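Working notes, structure below.
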Amino acid sequence: MKYNFKNDYTKGCHPDILAALSTHNMSAEDGYGEDSFSLQAAALIKDKIGNKDAGVYFVSGGTQANLTVIASILRPYESVIAAESAHIQVHETGAIEATGHRIQTVKSAHGKLKPADIEKQLDKFEEVHTTIPRMVYISNSTEVGTIYSREELIAISNFCREHDLILFVDGARLASALTSIDNDLSLEDLGRYTDVFYIGGTKAGALIGEAIVINKPDLQKNFLYNVKQRGALLAKGRLFGIQFLELFKNELFFTLGAHANQMARKLSSGITDLGFSFLTPTCTNQIFPIFPNAVIADLQQDYAFFTWEKIDAEKSVVRLVTCWATDEGAVDEFIRDLKKVCSNHT
Amino acid sequence: MKYNFKNDYTKGCHPDILAALSTHNMSAEDGYGEDSFSLQAAALIKDKIGNKDAGVYFVSGGTQANLTVIASILRPYESVIAAESAHIQVHETGAIEATGHRIQTVKSAHGKLKPADIEKQLDKFEEVHTTIPRMVYISNSTEVGTIYSREELIAISNFCREHDLILFVDGARLASALTSIDNDLSLEDLGRYTDVFYIGGTKAGALIGEAIVINKPDLQKNFLYNVKQRGALLAKGRLFGIQFLELFKNELFFTLGAHANQMARKLSSGITDLGFSFLTPTCTNQIFPIFPNAVIADLQQDYAFFTWEKIDAEKSVVRLVTCWATDEGAVDEFIRDLKKVCSNHT
Amino acid sequence: MKYNFKNDYTKGCHPDILAALSTHNMSAEDGYGEDSFSLQAAALIKDKIGNKDAGVYFVSGGTQANLTVIASILRPYESVIAAESAHIQVHETGAIEATGHRIQTVKSAHGKLKPADIEKQLDKFEEVHTTIPRMVYISNSTEVGTIYSREELIAISNFCREHDLILFVDGARLASALTSIDNDLSLEDLGRYTDVFYIGGTKAGALIGEAIVINKPDLQKNFLYNVKQRGALLAKGRLFGIQFLELFKNELFFTLGAHANQMARKLSSGITDLGFSFLTPTCTNQIFPIFPNAVIADLQQDYAFFTWEKIDAEKSVVRLVTCWATDEGAVDEFIRDLKKVCSNHT
Amino acid sequence: MKYNFKNDYTKGCHPDILAALSTHNMSAEDGYGEDSFSLQAAALIKDKIGNKDAGVYFVSGGTQANLTVIASILRPYESVIAAESAHIQVHETGAIEATGHRIQTVKSAHGKLKPADIEKQLDKFEEVHTTIPRMVYISNSTEVGTIYSREELIAISNFCREHDLILFVDGARLASALTSIDNDLSLEDLGRYTDVFYIGGTKAGALIGEAIVINKPDLQKNFLYNVKQRGALLAKGRLFGIQFLELFKNELFFTLGAHANQMARKLSSGITDLGFSFLTPTCTNQIFPIFPNAVIADLQQDYAFFTWEKIDAEKSVVRLVTCWATDEGAVDEFIRDLKKVCSNHT
């Protein structure tokens, strides 16, 4: 195997994070999120997003973040609106429904929601006989690697506020989104225009951990009880605190996201040069080239990656994911090998 | 603060575990528990417990292990029998009920269940109008530091098999239980006499992680879907695999448990020598001395620990917990300080 | 079989109710509780309890009322305090837990809660690691036929208001409670001192139906969505409306309750005269005499009733239930037969 | 108001049913479905469907039937496939999700599923990361009044058996489906080709009640516990038993269904004669003509009915529902009035 492009969690963590875990290993700390590192990391994140009234809570993964947030905020008869391609819809084994809530899905272009899409769901509402749509879930970057512009986020945010909808942004790949060359959103924007969002650590160079940020004060009330009840409150919460402190005390979070994106652009550009097209434009660290099946089969001799979907009998979309740890050499080699494979097939 | 006796998760992890995380940090691995370390660790654990047909699954904490196991095995109308002092009853914020299941609690001596206690719960059954008791939950060591003898475990196991009850052992502190000087149980016994149990890593020197072992093959079916649905399936499952491999490839798990117990015995013996009595006999790494409130107040100047319960207006039980990282010096100092405090109060 | 004392739902409904169903059978009405009868019945009940701001909702049975109310009001991490003998604890097949909520049970005398009992449960609270007790559930009459005095209800109500607890009264047998000769409570008191209660129709001469009354306006918000979601909203809601209108437009509800109580007192007094004692004092339509097992066996030749619990090897408590339809002849005959059975055994 | 075409539950019940309730009113019966009428009705239904091993259970409404069946059969990580227009998806306030299960919806023609539609959902399955589709839910008649032919039902049944899927038929309007002039299905077919179905009483002339029939023996195990836990087990189960006995002891169920259909055909034919078209072909007692909005507004002066959906700025679909109690005079008058309204608008 020359390189594994399957996802952005194939490696451990950035060496600085490992070093921080070592440095603080023997410090005696309180449990369940009361350790000094978690408290510092939370303060730092509140500072970075420019919202001192935010609540910050660490959990171990994206599904856990999603289910805890959604089950905490919604009343039993309330539902969440999401894109048909949303992670909560396609890859979380019914975790949201298992907490008792419906996802109302919207067909959408490039994995992104627009106010008009949300409005169409609101129109389906019938008093007493349907659930009440009460939350909008979007991801940035999305399941297919696209991102929201500042204008787009503000439009959704305004729509949500006008319609008494909670806006929740899944930021499992926020590092990659915010460092895209096409991005004009900031952490402060997320602090201002969303009600809840989470900052993904696992896919941004940490070993484990997502930081849930609740901007709206009334949604923070007793939130920790939900975290505990869902089994998401770690005894050694320090594990989260130390890592997020390291990611945010300087610019590591952004540096790592930018690197992943740069590798993806390089990969994308090499593939484009060879004449291939893509399912979605390359914005972040996930790219979706369309290859002939024979090419895919050959590439899979040396590279690990997922086939995303069939285009027709001959061609399929594949997903190539870069990360904080992807080295340029691997990218170059992939392009060379792709060239070779292509020439074999013509 | 001279020392923190609050719990067994105040420090990070044993240095060997940290070293292993470093060594394997850049190895490219599959996600969601399919990494080579998790596979090896699972194989090793199956070997140690002597059950090749077991299923081994890693999750991040005790509450998560408990809720995933119980919700996976029970049908909606089935309940679990546990001691009134059981962790699932007293310290998990209703996590079991949140999955839809009742806990039927039994008043019990020293946190331990006996077949007769279980039978009394079975007697409460009324067709259709009550839940069907279907699982028995015990902890080893228990919430109050006591342990089950081999004979006691076999008695419960036999009773459960005769009454079509699933036996589930919460082993958050199994390292301490199995290395108690009073213990005659082995990992193989858990592989033979229980249907499900879990091996606690967090309180045994790991950063995070519990290994759920399902002995009964039919209970393994689709279990991983439950793990995923509850948000317990880590993207970087390697974090569990590497740690459990380290704990079990030699005898680290047992060495660390034995150390914690030795420190607890030393502490207990020093306290006994000063004339104090205990809520429960000292078996493992949690001890429960009874002190005058004035003594407690003085000790809390220099030591962190929890007050467990009131005895009367003058005296209370406190809980002192040792761990893999407790140094003998801290124990000696605590005894010296206790002596001083006592002399001040007489 | 001479008579069935098993419960208060062995017969159909009072003839006046049947007549009303006939009278209004062909009236065309809106569905799902919007029929004119349900609206009138709700208005009438609000009037009788003296709370124009109450919300009134009809459902088909006690378990349904209990689970809908509790699941609607509590947040996921909140629990309800109830007596160990409470119906939700002993005879509803885990219906409350199935909605995700814990019942915190209290050992109590004669099935009744006191503020001190509730306070003991509050003392068990530990921040984040336990559920938050948020509701108190009592029944009037209780599972063992006893009733709350006005003073007792006010004491609980005051305690609940001081401690931010919702007071919910299960009135499956409220007709019998309010017409007990020992009673000094009124419907208006329930409107004033409780947050939610329900008025049982099924055990008070109706075919089916319980009227949930929510006194507290903020608890009414979207309550009907919960009713619908739990499958409790009848298409032909008229079935509830017509019956409750009949029960309350005159004094039928009270007349029927009083009759049941009178029959129970007659039964109780006859049994007392024969020298038997009781588990609880006779207040309402359920009485709990203690008989020798041989006497029970003989009586069961001609009468249907439940054995409630064992006293010792020789004696057991039985439960005899009278209802709106119990005729005095049956009671007289039972006493005569009991006398005969007794003389056979001496 | 001249007539209410809003639905098939505007009136009470057929006079024969009311008479039966009167006749048996004072018979003393056991509670919770153990009454002699429920036992007889269950036996009769088993006989009519030709499956002596079936289990028959009565509940009070369609949502309750659906949620109890689905929550009872599916494991937490399993989902149910249904048409986008399915009642469980559009009109039950998230009742299925509230029990923890996902509905996987399929866009479908005329509210009906085909094996190919189901297969497309199966293709979305990804091991561990999606739910496992395990049940197929169809309605007969459907939400838009169409019915399944025998051949269509058998095709779905075979597909389900080949793919280990449970087939569940919602028969809220089964009386109307089985008496459609286009129908070739029998009750015996439902006993043979489905795993579970229910027979709607509420919309077929009863006051209340649906009869759930579980054909597959292993799905019957402990089903009654689920019925009780969901609050669906009536104390006075006689209310169901007496009604279903009356519906099935002769041919009342079919007679009433046939009448409703005949009235719908008459209505449909009169509307067709006036030149209007329909959303779906008229098969059963729900018809969906397309009218100009001005016509609709005029008709609503005298008639109650629902506007189903907009076609364009000028026209909308309305739903007209007939029932067991619709008299021919009302139908004739509606057609006359429609004619008049039309002539006013031309």
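As written, the chain order gives the labels A, B, C and D, with residue 1 at the start of each chain.
Here is the rule we use: a residue touches a chain if its C-beta (ideal position, glycine included) is under 8 Å from a C-beta of that chain, and two chains touch if they have at least 3 such contacts.
These figures come from a predicted structure and were not determined experimentally.
Remark: among chain pairs B-C and C-D, C-D carries the greater number of C-beta contacts. When chain centres are set by their Cα atoms, the one at the greatest distance from chain A is C. If you average the Cα atoms of chain A and of chain C, the two centres end up 51 Å apart.
Taking the mean of the C-alpha atoms as each chain's centre, chain C and chain D sit 34 Å apart. Rounded to whole angstrom, the centroid-to-centroid distance between chain B and chain C, based on C-alpha atoms, equals 42 Å.
Residue positions 76-77, 92-94, 98, 100, 128-129, 131, 225, 228-229, 233 of chain A are each in touch with at least two other chains.
Interface residues of chain C, counted against chain B in their complex, comprise 76-77, 79, 90-94, 97-102, 124, 126, 128-131. Residues 32, 71-72, 75-77, 100, 128-129, 131-132, 222, 224-226, 228-229, 233 of chain D are the ones that touch chain B when the two sit in their complex. Those residues of chain B that touch chain A in the complex are listed here as 1, 3-4, 6-7, 9-13, 15, 18, 21-22, 24-31, 59-68, 92-95, 98, 202-203, 207-208, 225, 228-236, 238-239, 325.
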